[in-house]
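Below: a set of structures, written as structure tokens.
Both complexes below contain subunit A, partnered by subunit B and then by subunit C.
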Partner chain A sequence: MSRRIIVPFGPQHPVLPEPIHLDLVLQDERVVEAIPSIGYIHRGLETLVAKREYPEYVYIAERTCGICSFIHGMTYCQAVEQVMNLEVPERALYLRTIWSEYSRMHSHLLWLGLFADAIGFENLFMASWRLRESVLDVLEETTGGRVIQGSCKVGGVRRDIPGETLDRMVGDLAGFERDFKEIANVFLRDESIIARTRGVGVLSHGDAYHLGAVGPTARGSGVAIDLRKTGYAAYGKIHFKPVVETDGDCYARCAVRVKEVFSSIDIVRQAAAKIPEGEIEVKPKGNPNGECFSRAEQPRGELVHYVKGDGSRHLVRSRIRTPTLTNVPPLVKMLAGCELADVPVIVLSIDPCIGCMER
Partner chain B sequence: MAFFEMAKTAILTTLKSPATRRYPAVSAKVAAISRGRVTIDPSRCISCGMCMRKCPSGAICVVKDDKTWSIDRLKCVVCNCCVEVCPAHCLVMETGYSPSITVHEGIELVHITYVKPERPPRKEPEEKSEQG
Partner chain C sequence: MIMDADQTTVIERDYLIGRVEEFKKQGYRLVQLNCTKVGETYEINYSFDLDYQFRNLKIMVDGQTEVPSISGIYWGAFIYENEMHDLFGIRVVGMNVDFGGNLFRTAKKNPFANPTFRGEEPCPGE
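Take a look at the complex of A and B:
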């Protein structure tokens, strides 16, 4: 038996968009154990809650993550609204749903591109990101920002989407869906992708459940957990099924994300058809006094925002638990026993967002 | 499982014109409500300091006595919050992005030229003639 060596992986690595460090214990070319260490980009965003007034903290909550920013802002707003017993207008809830789904599409396309890049498929990476631009254009046109939308506020939303813009967005989705089908075929059927992902980094159903995997990582292993089914925003009035794959390998996690883009397109269509006319915000009265946990489904999984107020303009405590943090123990499990060359693919398959994780 | 799934997309891509714009020659794509950079009309600013108080990143500084309004472009997160709260509507969000910083440490100082209009002199209440 050959002796064990430790190979440091990250925090700077060509395949990692953000810094996480893994000590890979190797025996020959096989990973025996992976020891993660985090803490490279902690920004202290939760502490800032005591220094900003609660309506202004939405901007900071949004900047926790550069990809799922809208959903961060929305979850924080949901928590504060719950504390203050605010009844958010129906139209605002539908608008939040639409923007959440556009965020999901752009996040999944970004991930698909990065994944293609990680397995060395540069052409597919470019094709995915080109398609992502059209989603970003819609977000910029309706909210004013490409990745930091800033359109959610406590009590509703800042901006309305006019009827004709909404119709055009739904019309454009047909072209988007057609283009995405071309790319989805490559991800799901191409020989080289299957050879690189099938059977790699397998996470069993039991492990996914017990280690607390969330989002596509859990759904790729057959755990049908989708927070959207709890019916926050307007999801309770929209029909969709959580996308579930049972294999638990990198291919399954990729397939979940590909199919979720189609599911998002469908949700946007349904929401645009059902959206009622009316107000888009209510003015909050008084200050939050109490505490609340709020949960939402990010593109990467379950997001939890906790807020606590004492009746002043400043909240006392905020806690954000992001999906990447809970996906790290499953990642360590997946890495044990894999080949060194597969490590980048496996690490990327949980869609790590370290900036999000360390806040 | 299939081979050459990417071939159609790849061939079409080579035949099509580039998806990106030739930026300096062709202007960047912006929407009407794109958030680019904050600008101020110094002739309308009433130095109330609302923008300074509401700024989530603490980028704006208003000194009432010196009549100055300054913004740290490196701190500004372009959130549109100051524009929304400004009671005098003197702050405007431009769609174009900010050019590279040329001022020292990114702080841009603007002297406020607003002059408070003089109030018309109050009419003295007419003395009531005493009766009795």
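Take a look at the complex of A and C:
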């Protein structure tokens, strides 16, 4: 009978842009158990509510993540607006929706590139990131920032998108969609990708639901949870269906992200067609006094911002529950029983954002 | 409804396990656990969701009170319970995966229990 050994995976590893550590208990080449350790880059951002006034804290919230920063800022603002009973102008809600979807597109393209790189498909990596640049260019043009947008504020947004710019953005989406179809075709049909991902890291529907999986990790296992269906921002006025796959393997999680890029293109088109004229912000009066959980759908899944105020300029508590944190228990489950060589692909398949998780 | 209404029920710690079991039986998924220190009291929120209906249980304990783990009901709760232990020093009893204070490798023990900031006291090594 073979001996059990423990192989450390991370915190430094070629497929990990950020540090997470797994102790992999192996029997021969098979993983029997995976024990995660985090906290290598814990920043304590949540405690900064004691040092920053609530309107300023949106800058901290945005810096939780360098990929989906806009949605962090928006979700925090939603929580404060709910506590303060602020009615955000409808145009601002549509602008938030548009920027959220551009964030999703650039995040998914970033992940697709990293995923291609992890399985040794360098050319596909470059093609994905080349296309991502065009999304970042739009974010930079419309918000002023490629990575940290800074365009969301309590009560609305800081910047408007002029009508002619919006028309051009929608026009450019046709070319973007055409180029992405070529990439999507490779991700969904290439034999080498299918060989590395089909049947690998399977997470059952039941495990995905009960272990708290969110985002493409859950939807790849047939769990149709997409917080955009709650109707926050302008999503209540947009028609779309959550993208769901049922196989629960790495291929399914990849397919969800590929198809969600097309879904995001469609949402931006709808939002651009429906966006009303009008104000883009209301001025908050007073200070937040109360508590609220605000939820939104990040590229990686359900994001929760909890805020608690006591009527002063400083919040008592900000709690950020990121999707990667709640996807760790499902990751532990899907690693059990896999081959050692598949561990990097499985870890990457949940699109881990350690910076987010470490807050 | 654009946002979740705050559906919070404050309960005694002794009723926690029974209430969480009810949520599990009804098909709710665990959304998150979090802890907030208000004065010398720790508020712990347990959040659940079923078909986008958000429900929240809240217990209030002092720093010495032991809190029962819900990881026997929701396996994935261990990640939040270890986080609460490591950041706030909450004593959670019966976790299915107990990292013994080593999930978050922070320089300071229980940094959120009594947060201090640069400028208010010397940083280690200065």
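By definition in this document, the second predicted complex is superposed on the first by the 359 of 359 C-alpha atoms of A that agree within 3 Å, B and C clash if a C-alpha of one lies under 4 Å from a C-alpha of the other, contacts with A are read in each partner's own complex, and residues count from 1 in each chain.
Keep in mind that, in the parts below, a contact is a pair of C-beta atoms (placed from the backbone, for glycine too) under 8 Å apart; a residue touches a chain by one contact, two chains touch by 3 or more.
Bear in mind that the values here come from a model prediction, so they are computed numbers and not experimental data.
After overlaying the two complexes on the shared chain, residue contacts for A:Val32 are found with neither subunit B nor subunit C.
Judged by the number of subunit A residues each one touches, C leads among subunit B and subunit C.
In the superposed model, A:Val282 makes contact with neither subunit B nor subunit C. Looking at the shared chain after the overlay, A:Leu124 reaches subunit B, while subunit C stays out of its contact range.
In the superposition on chain A, no contact is made by A:Leu340 with either subunit B or subunit C.
Contact with subunit B, but none with subunit C, is seen for A:Arg63 once the two complexes are overlaid on the shared chain. Once the two complexes are overlaid on the shared chain, A:Ile183 sits against subunit B while remaining clear of subunit C.
In the superposition on chain A, A:Val170 contacts neither subunit B nor subunit C.
No residue of subunit A touches both subunit B in one complex and subunit C in the other. Residue ranges of subunit A in contact with subunit B, taken from their complex: 52-53, 56-57, 59-60, 63, 121, 123-124, 126-127, 130, 133, 137, 140-141, 143-145, 148, 150, 158-159, 182-183, 185-186, 189-191, 194. Those residues of subunit A whose C-beta lies close enough to touch subunit C in the complex are 35-40, 42, 44, 46-47, 50-51, 78, 82, 209-212, 225, 227, 229-233, 236, 290-295, 302, 304, 306, 308, 316-317, 319, 321, 325-326, 328-330. Residue ranges on subunit B touching subunit A, taken from their complex, read 1-3, 5-6, 8-10, 13, 19, 29-35, 54, 56-57, 77-81, 84, 93. The residues of subunit C lying in touch with subunit A in their complex are 1-4, 6, 8, 29-32, 34, 36-38, 45, 47, 49, 52, 54, 56, 74-76, 78-80, 83, 86, 97, 99, 102-106, 111-112, 115, 117.
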